[in-house]
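Here chain A shows up in two complexes: once beside chain B, once beside chain C.
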Partner chain A sequence: MALTFQQFLFYAFAAVLVGAALGVITARNPVHSVLYLVLAFFTSAALWLLMEAEFLALTLVLVYVGAVMVLFLFVVMMLDIDLAALRAGFTRYLPLGLVVAALIVWEMASVLGPARFGPGRVAAPAPHGAGYSNTKALGETLYTQHLYAFEVAALILLVAIVAAIALTLRRRPDTRRQDPARQVRVRRRDRVRLVRMAPERRPAPAASEPGGRTGTEEA
Partner chain B sequence: MIETIQSLWAAVPEPVQIPVLIVVKILVIVLPLMGAVAYLTFAERKIIGYIQVRIGPNRVGPRGWLQPIADAVKLLTKEIVLPANASRFLFLIAPVLAIGPALAAWAVVPFDEGLLLADIDAALLYVLALTSLAVYGIIIAGWASNSKYALLGAMRSAAQMVAYEIAMGFALVGVLMVGDSLNLREIVLRQAGSPLHWFVWPLLPLFVVYFVSGVAETNRAPFDVAEGESEIVAGFHVEYSGIAFGVFFLAEYANMILISTLASLMFLGGWLSPFEGWAPESWFAVPVLGTLLASGIHWLLAKTAFFLFCFLWFRATFPRYRYDQIMRLGWKVFLPLTIVWLFVEGLAQYFRIGPWFA
Partner chain C sequence: MLSTLSDLTLMAPELWLAAMACVVLVADVYAGGGRGTVAYLLAQLALLGGMWLLLADAVPAPEALFGGAFLRDPLADVLKAAVLVLTVAVFAYARGYLQGRGLDRGEYYVLGLFGVLGMMVLISAGNLLTLYLGLELLALSLYAMVALHRDSLEASEAAMKYFVLGALASGMMLYGISLLYGVTGSLALDVVARAAAADASDPVMLLALAFVIVGVAFKLGAVPFHMWIPDVYHGAPAAVALYVGAAPKIAGFALAMRLLVEGLGGLQAEWADMLVVLAVLSIAIGNVVAIAQTNIKRMLGYSTISHIGFLLLGLIAGTRDGYGAAMFYALTYALMAAGAFGVVAIMSRRSEAELLDDYRGLNARNPWLAFMMLILMFSMAGVPPTVGFYAKLTVLKAVIDVGALWLAVVAVAFSIVGAFYYLRVVKLMYFDEPPEEAAVRAGLQAGTVLSANGLAVLGLGLLPGALLALCLQVVG
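Right after this comes the complex of A and B.
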């Protein structure tokens, strides 16, 4: 069976995605792991594009690749990780890890396997015409049908932001900070005082000082 | 001659025709862009020179006009030095990651009615997503160099880009609210009528935020702390030499041109003529002058050139921001400003206030 171009793209992206996901967990250097994760996000965005979900795909790139992963990278780059210490217990925890992995694979296979989720069970969605706007359709459902859930989610996010700031904000009275408004408002008389005074008359130099030249003359 | 070319082209099988056509279109966009980048560097040195009462480069070619070509030859023939403890692969791929998004974003930029590579619906989102990727080139370059100055530059750049991207994104939300579309071509066509219909008037605060954020996103003066010659030598590209450095340079200037083009498309009516709507019809009937006055790609180029001049003007005029001041401006001034203006816009649209939202 000949592959159509779309199918070829799908398999190519899927292969890159699986490879990148493997790279995330096998890379020795955490920075490399994060970069593999970026590649994984980017490739899944490409897969979503193939499924005509252009809004979600571009938002994935914008939010996760463009912002979240940048901050991840930011943090990981500054970590000083001792790789030997990380790998120390590898063989000891390997059996337990394998059991957990096998359990997860079994669970996912039983739910997402061909018996429940294959193309025989769920029909492929009909492709939309050229004029169809994914963004508009998503916006319409989000702000009508799912408005309540949407608003609740927004509120939860707001609370999370406030909590994150409240947890990390610490007031340090000893730091000196600038207030640009005060800097701009400053006037000359606040900083400099011009004093009128009579000129001072230098006393006539002594004929000969016992200690020779003094320090002030040198300067 | 033309017929033989046409018959030859018809003989090419169709699966080959489409990619060939796309590659040709890409070249038609990218090659003039590279030329523009080269002469933008020349313009920068000349304009800043005149602002500082100097002459600027005037040795290579007549009045210095061949200077960019000499620079390119010099960069191409220099050795690329690989630092001993650098992460080799990432060090070499970083410049590619910097220039890739800068070029890819041009795919959706409309130059004139119907003159664009890809007329996609989510063009605005696509541009925003791709420009947000530009930061990776800088961060990876800084980290892979294995140098303290480079890492400091990368850190500064990462924080700065994330901060200004949010303000930039909100400014674009404002554009799509009045433009009623994510398609750049439709956004331009919405501004048709007269210069008063351009989005710059109803969205003036967003326009300012967008352009200043654009200056910050491209790491240009006065926001160029990622390079910061005076304190961290040259920031993220301190270890780069030869054409690897040259590619970063190309990416920065290509991004400048992109930001300028987008600003003119979204706020100044793109290729629409400022004479449209109020000049008498007889003006447009004059043989050569008429075509110049009418809408066309030359207006887009002129508006872009104006914004590019502003980039250079800023560099010659403003002292560099201190780092905490940059963060303060991004998070505490621009972000609230854009959110407030989105509210204003929403209210104006809901109550159909004013000439623009009626």
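Right after this comes the complex of A and C.
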């Protein structure tokens, strides 16, 4: 069976993807895990490009790799994780975990193999012409057929915001915060007091003091 | 697809609730001092308004919107009405408790309203996508509500467990849904139903079914996916345990109904076998472990598990009578759970009354409250003439009608075991000395709602015909 260039690319990217996914869960350092996840996302984007889903592929790179994962990286860097405690039961649970994982992979492979999802069962999508815009197609589907689901998803995000704020915002008495309304309403006379006073001569620096101090501090 | 704007009146209750939840959110910020009051009143207004919109044009026959993503049928109308009524009662019970804990902020009511919206989306789901989104909207609201009491270590622990396990179960279910989509090429439940009916022996379909069952069983809290229930009920503030314990059970029934009966009805023989295991384990473990509990919230948690087992029996029967009985069971159990947790919330106002010992001699401190709790406990135990007896009877009858006599025998045996811990509460309330003499006051509002709730449990037990007929009519 001759390998077409496209198939070669697919298998190459798929291999990198699986490797990166394994790296996410096996890396000793959480920062490395996040970087592996970035690689996994990037490789998935490449696979999506092969499937002519250009818009989704670019969004994945821009939104997930560019924004979400960078934020994630900051969070992981700021966390104080006790690696030894996390790894405490690793060797004890590893054999059982491996057995369960192998069993699941075997079960799923036996059901979901190429016999049921191969090219024979699921036809390859027809390639689109040069003028085809999948951004437009996606937009049309999203805002007509799936409008309802889209709006419910928006509500889920709203709940997430409300929950995050409700669970983390604390009004402590010693917290210093700005009150924009007061800042806007403030008048000059609340902040600045003009004092009329006679000009004074600045006293000459004492002769005993060593040089190097400038006069600005006393100003 | 949306043909005209007037079609949107079909989903008027949902639109109203979404808008009102946002209004409560904003009003709560500007309300200043008596913030809880404004949010509470607006939330109740939202629920009652939603109820009015729902009943104003109840649909006689199924109608669909957005190409079948939103489905409004008589089943959805009845379940939504029940969810709204129960949540009105839940908010009324919760108010006094929240005020006593400094938790009487708008967030409880906002998240509660979004949870109700999630349940309504789930109940009205016509395709797998909206089903999942409704479920997540509900679940996210619940996770946040459990964690709402931030200074309580127990609440944080419960929320964490609930969140991690819930996310895992959601992931399982989503994987099952993706397999269904892979096999049928469609998210619409009716297309999935046709594919399931055409080829009931497709192994991919069965694998998908296994994953989906895990999700449903987790959301309902059936053994062995029950571990979160006692911990969440125990750790969450009483007002939140009250919310989690009542209306979401109706949503769980709707999930099973839409996904298993309407979507995968062709695989009924397969999923009934799986549910038999879940149901028997739930009834056995729920009832037996509840005996060992000293904390009333934990006890009610295990009692929930056993009741879920009974609910599943109705689905196992797989007949119209069985589905009607399961629906009757879900509605009446949610009513009982709301009442029982309502009593816990009323008792816990000044200090947590979580232990069974806190209920000693309740009759001397507030005879009416004790009498309501007596009715609720009798109903949960299945003592006639309360509705709990009738609910169990209809479910068992449906199971016996399809020839599964042994299931009925097992269920009855374990519910006799279970009667012990319900009657123990009654014994504590009536025959033990109270630990303190101070009277327990329910307050006008919570007291009225609790009286209505307790008397409804009694009244539905005496005259169950109308509700049961309604259940049978809408599932058919």
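We adopt the following convention: the second predicted complex is superposed on the first by the 165 of 219 C-alpha atoms of A that agree within 3 Å, B and C clash if a C-alpha of one lies under 4 Å from a C-alpha of the other, contacts with A are read in each partner's own complex, and residues count from 1 in each chain.
Note that in this section contacts are C-beta pairs under 8 Å (C-beta built on N, C-alpha and C of every residue); 3 or more make two chains touch, one makes a residue touch a chain.
All values reported here derive from a predicted model rather than from experimental measurement.
Asks: State whether A:R87 touches chain B only (first), chain C only (second), both chains, or neither.
Replies: A:R87 contacts neither chain B nor chain C.
Asks: Examine A:V31 and indicate which partner it touches, taking first as chain B and second as chain C; both and neither are also allowed.
Replies: first
Asks: Can A:L112 be said to touch chain B (first), chain C (second), both, or neither?
Replies: second
Asks: Thinking of the overlay built on chain A, is A:M78 touched by chain B (first), by chain C (second), by both, or by neither?
Replies: In the superposition, A:M78 contacts chain B only.
Asks: Which partner does A:H128 contact after superposing on A: first (chain B), second (chain C), both, neither?
Replies: A:H128: touches no partner chain.
Asks: Once the shared chain is lined up, is A:L62 touching chain B (first), chain C (second), both, or neither of them?
Replies: first
Asks: Touch test for A:E54: chain B only (first), chain C only (second), both, or neither?
Replies: The first partner, chain B, only.
Asks: Per the definitions at the top, what is the overlap between the chain A residues touching chain B and those touching chain C?
Replies: none
Asks: Using the touch definition from the top, list the residues of chain C that touch chain A in their complex.
Replies: 1-2, 18, 22, 25, 65-67, 69-70, 105, 107, 110-111, 114, 117, 121, 129-130, 133-134, 136-137, 140-141, 143-144, 147-148, 150, 179, 182, 203-204, 207
Asks: Which residues, counting only chain A, touch chain C once they are in their complex?
Replies: Going by the criterion above, the answer is residues 107-108, 111-112, 116-117, 144-149, 152-153, 155-156, 158-160, 162-163, 166-167, 170.
Asks: What residues on chain B touch chain A, complex-wise?
Replies: Residues of chain B touching chain A: 90, 120-122, 125-126, 128-130, 132-133, 135-136, 139-140, 143, 151, 154-155, 158-159, 161-162, 165-166, 169, 182, 325, 328.
Asks: Within the complex, which stretch of chain A touches chain B?
Replies: 31, 35, 38, 54-55, 58-59, 61-62, 65-67, 70-71, 73-74, 77-78, 133-135, 180
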